[in-house]
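Naming follows writing order (A, B, C, D, E and F), and every chain is counted from residue 1.
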Amino acid sequence: MKVTVSRKAHFNAAHRLFRKDWTASQNNEIFGKCANPHYHGHNYELIVHVKGPIDPQTGYVIDMKVLKDLIKEEVEERMDHKNLNEEVAEFSNLIPTAENIAVVIYDLLKPHFNENQELSVTLYETPRNYVSYSG
Amino acid sequence: MKVTVSRKAHFNAAHRLFRKDWTASQNNEIFGKCANPHYHGHNYELIVHVKGPIDPQTGYVIDMKVLKDLIKEEVEERMDHKNLNEEVAEFSNLIPTAENIAVVIYDLLKPHFNENQELSVTLYETPRNYVSYSG
Amino acid sequence: MKVTVSRKAHFNAAHRLFRKDWTASQNNEIFGKCANPHYHGHNYELIVHVKGPIDPQTGYVIDMKVLKDLIKEEVEERMDHKNLNEEVAEFSNLIPTAENIAVVIYDLLKPHFNENQELSVTLYETPRNYVSYSG
Amino acid sequence: MKVTVSRKAHFNAAHRLFRKDWTASQNNEIFGKCANPHYHGHNYELIVHVKGPIDPQTGYVIDMKVLKDLIKEEVEERMDHKNLNEEVAEFSNLIPTAENIAVVIYDLLKPHFNENQELSVTLYETPRNYVSYSG
Amino acid sequence: MKVTVSRKAHFNAAHRLFRKDWTASQNNEIFGKCANPHYHGHNYELIVHVKGPIDPQTGYVIDMKVLKDLIKEEVEERMDHKNLNEEVAEFSNLIPTAENIAVVIYDLLKPHFNENQELSVTLYETPRNYVSYSG
Amino acid sequence: MKVTVSRKAHFNAAHRLFRKDWTASQNNEIFGKCANPHYHGHNYELIVHVKGPIDPQTGYVIDMKVLKDLIKEEVEERMDHKNLNEEVAEFSNLIPTAENIAVVIYDLLKPHFNENQELSVTLYETPRNYVSYSG
C-alpha cells in the first residue's frame, strides 16, 4: 500500500541555451531567443514526489519537514538566484534545458531515498511549460 | 480505450497529529506544531480520478454529476467543517495525516466503482503539500 | 532515460451534449442542462504531454516551439471559437463530451510523433472537471 | 471601519459578439472570430465584492452563505449553461461582451444591498481576460 | 509617485464561530456548521500590500525580505498551527471571522509602517472566500 | 459608467539588483543574493488594466486584441528573453526592481491611451511577490 507525497518548492535562476561547439548562427537557429548571450531567466517551480509505504507509527510516507529541508539543501541552495550556466557545476558541460535540470535535480535527490521510495520530479519552467522525470 | 476523468471538491477541517500512546514530548519531537492539543486546520482540496472505458451511448466514463454527488455524500458530509480526530470515526485510532486521509477517502469511494473503473485520489493539505493514492 | 514535457494551450468553444436518436426528454434525463439546444460553452485548457528520450545534441525531448505550433495547427485552428457540434467534423457523429474531445485531440496529434515518443493529453473542461487520455 | 468580502462563483455559457444592424463583414471586421454565427463559449468565473461595516454581533459584513445563494439565484440560474444572446433577456438588445455582462450582473445584484454596502463585480471571461465594475 | 508592493504568506489554523452569550441553537442558526464546538480549520492565504514612494537609492518601496520577516514575526508566529479562539489573545473576546482576522492582522502590522506607507491586507479563508481591509 | 478591463501577458528575463556607485559589499548588504553579478531571472507575469467608458457601438472598453498587440509590441518585444540590465535601455541607469519595471511599463503604455482611459499595471515578479502602479 503505497502513497505518493508531493512537496512544492521554487527557485529563480538565469540561464541560456547554447552549445559551445556550435556557431552563434547554429545556436540561434535551434535555440532562438533562448540562446541570448546575455541570458534570460525563470521562476522555476519544483514539485518533488515520493511514493512509498506509510510508516504505521507516524502515518507519514516521509516527514514533509524533512523533505522540505532536503530540497532546500540540495536544490535551492545550489540553484536559487544563480546563473545555471556559469555557477552550477552540473551544467558546465550540459545545456540547462528544463529536461536536463529535472534530471540533475532527480540525481541530486535520489541518494537520499531508500529502495522502497520511488522518486520523481516535476519542474515548471514557466506556468505553461513543464517537465517530469522519474528515473 | 480508457480515459481518466477527474473531479475537484473541497472540505475544511480541524485536526492534530499525535499518538495517544506517546508522551507530549515524543509527539512534539515527531509532529512539531502539528501536535498542538488545541488543533489547527486546513482547506483540503480533493481530486477524485476515475479511469475507465467511455460509455458509447453517453460519451461519459462516468456522469460528473453522479461523481460530484458521490463525493458530497461519502466525503464532504463526513468531513466538512469537522474535527477529524474527534468527529470522524475512521480516525478514532488512525492519525489523520494527509496520507491516511487519502487512504480513508479511497476506501470510502472504492465500493461505488466497478472492476473496469480504476479509482485514485489526490488530496491537497495545503497548496504546497499533497498526496496521491490509487489503491 | 525518458523525460515527459508538457505544454499548455487553450481554446474557447460552444457545445451541447445530446443524441439525435434520443427524444428531447431522454436527452434531458441523461445530459440535463448540458443538452440545452441553444448550446453553452467552455474555456478548454489543454495540456499535451510527450514522453521521450532527451536529444543529446539539444537537451530537448521536443522543441517546445514546435509543440506549440503543432497544437495551434491541429487543435486551436480547428476548435477555437467554434461550435464543436456544428463546425468540427470529428463531432458530426460523436458527442463532444470532454472524454471524446480528449480522444479526438489525441488522434489528431498522434501521427506527428514517432514510436519513441509517448503522447498523452489532459483537457480541462472547467477548472473543476478534467480528463486525461494516453491512447 | 469597512471591510470588503469577496465570493467566487462560476457559470458556463455560449455567446457571440455581433450587431444585428451591421453586415456580416462589418461584424467580422470588428469582432473577428467572436462573431461566429454558430457561437462559442466560456467558463465565466465571477467574483462579487461587498464593502461594508462589520456587524458587531456576528463579525460578518455579510453572511457568505447568503451571498452565495444570492449569486446562485440572480446570476447562475439565469446564465449557467445558457446561450446569452438567445436565452438571457438582458442581452436581447445588448452585445454580451464581458464588459456588458459585468454591468448586467451588477445591476441584478445591486438592489439586494443597502446604502452602506458598496458592490463591485469582477468577471473572468478567460483566465487571461477579465473585467471589473463598481457602478 | 507611489507603487503598491504585495507579498503573499500563509498560515493554517483552527477556529469556530460562536458567541458565548448565545445559546447553542442561536449559534447554529447564525453560524451553521461554522459553530461546530469541536472546531474546523483553514489554510489562510494572506497578502500584505504596502503603497508608498519608491526609495530612489534602492528602487524599493520596501525590501520584500523585511516585509516577509515582519509578516512571519507578527502573523505567522502568532497564528500558524494555532486554534484562533483558544490560543490567540486578540480573539478571546472577538469572533474570528475572516473579517475580524483581517482587521487584527492590519492592526498588528500597522505600527511598523510610516505615514507615507499605506497598508492593506487581503485574507483568503478558502480559495473561494476572501476579505480585504485597508484601515 | 466606467468598467476596467484587464489583460494578462508574460515575459521571461534576467536581471540583477545593484548600484554601480556602491561597492560589492554595499550591494550585498542591501540586495543580498539579488545582487549576484552573474544575474538570476524571473517569469514576469503582467496584468494591464484599462478603466474607461464602454463604447456603445461595440460593447468594448478597448478591443482585447488591440490591447494584447500593444503589450506585445511595447513590452514583450522589448523585455522578453532579455537581460534587463544589459539590453533594455530604460534600465541602463535605473535598478530593475519590480517597482521600477512596473513604472517603466506604465510609461511605455501610457501614451497609447486617451484621457478617458485610466491605465494601471500589476507585475508579478514571482507568484509570491507583485507590485501595482497606476501613475
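Quick note on the criterion: a contact is a pair of C-beta atoms (placed from the backbone, for glycine too) under 8 Å apart; a residue touches a chain by one contact, two chains touch by 3 or more.
This is a predicted model, so every value here is computed, not measured.
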Subject >> Centroid comparison with chain D (C-alpha atoms), farthest chain >> reply: A
Original post:
Taking each chain's centre as its mean C-alpha position, how far apart are chain A and chain B in Å?
Top reply: 29
Original post:
What positions in chain B touch 2 or more of the other chains?
Top reply: 127
Subject >> Chains touching one another, given as label pairs in label order >> reply: A-B, A-C, A-F, B-C, B-E, C-D, D-E, D-F, E-F
Subject >> Residues of chain B that touch chain A when the two form their complex >> reply: 17, 19, 30-32, 94-100, 102-103, 127-133
Original post:
In the complex of these two chains, what residues of chain B are touching chain C?
Top reply: 1, 3-8, 54, 57-61, 63-65
**OP:** Within their complex, state which residues of chain A touch chain F.
**Re:** 10, 12-15, 33-34, 36, 38-43, 45, 80-83, 86-87, 126-127
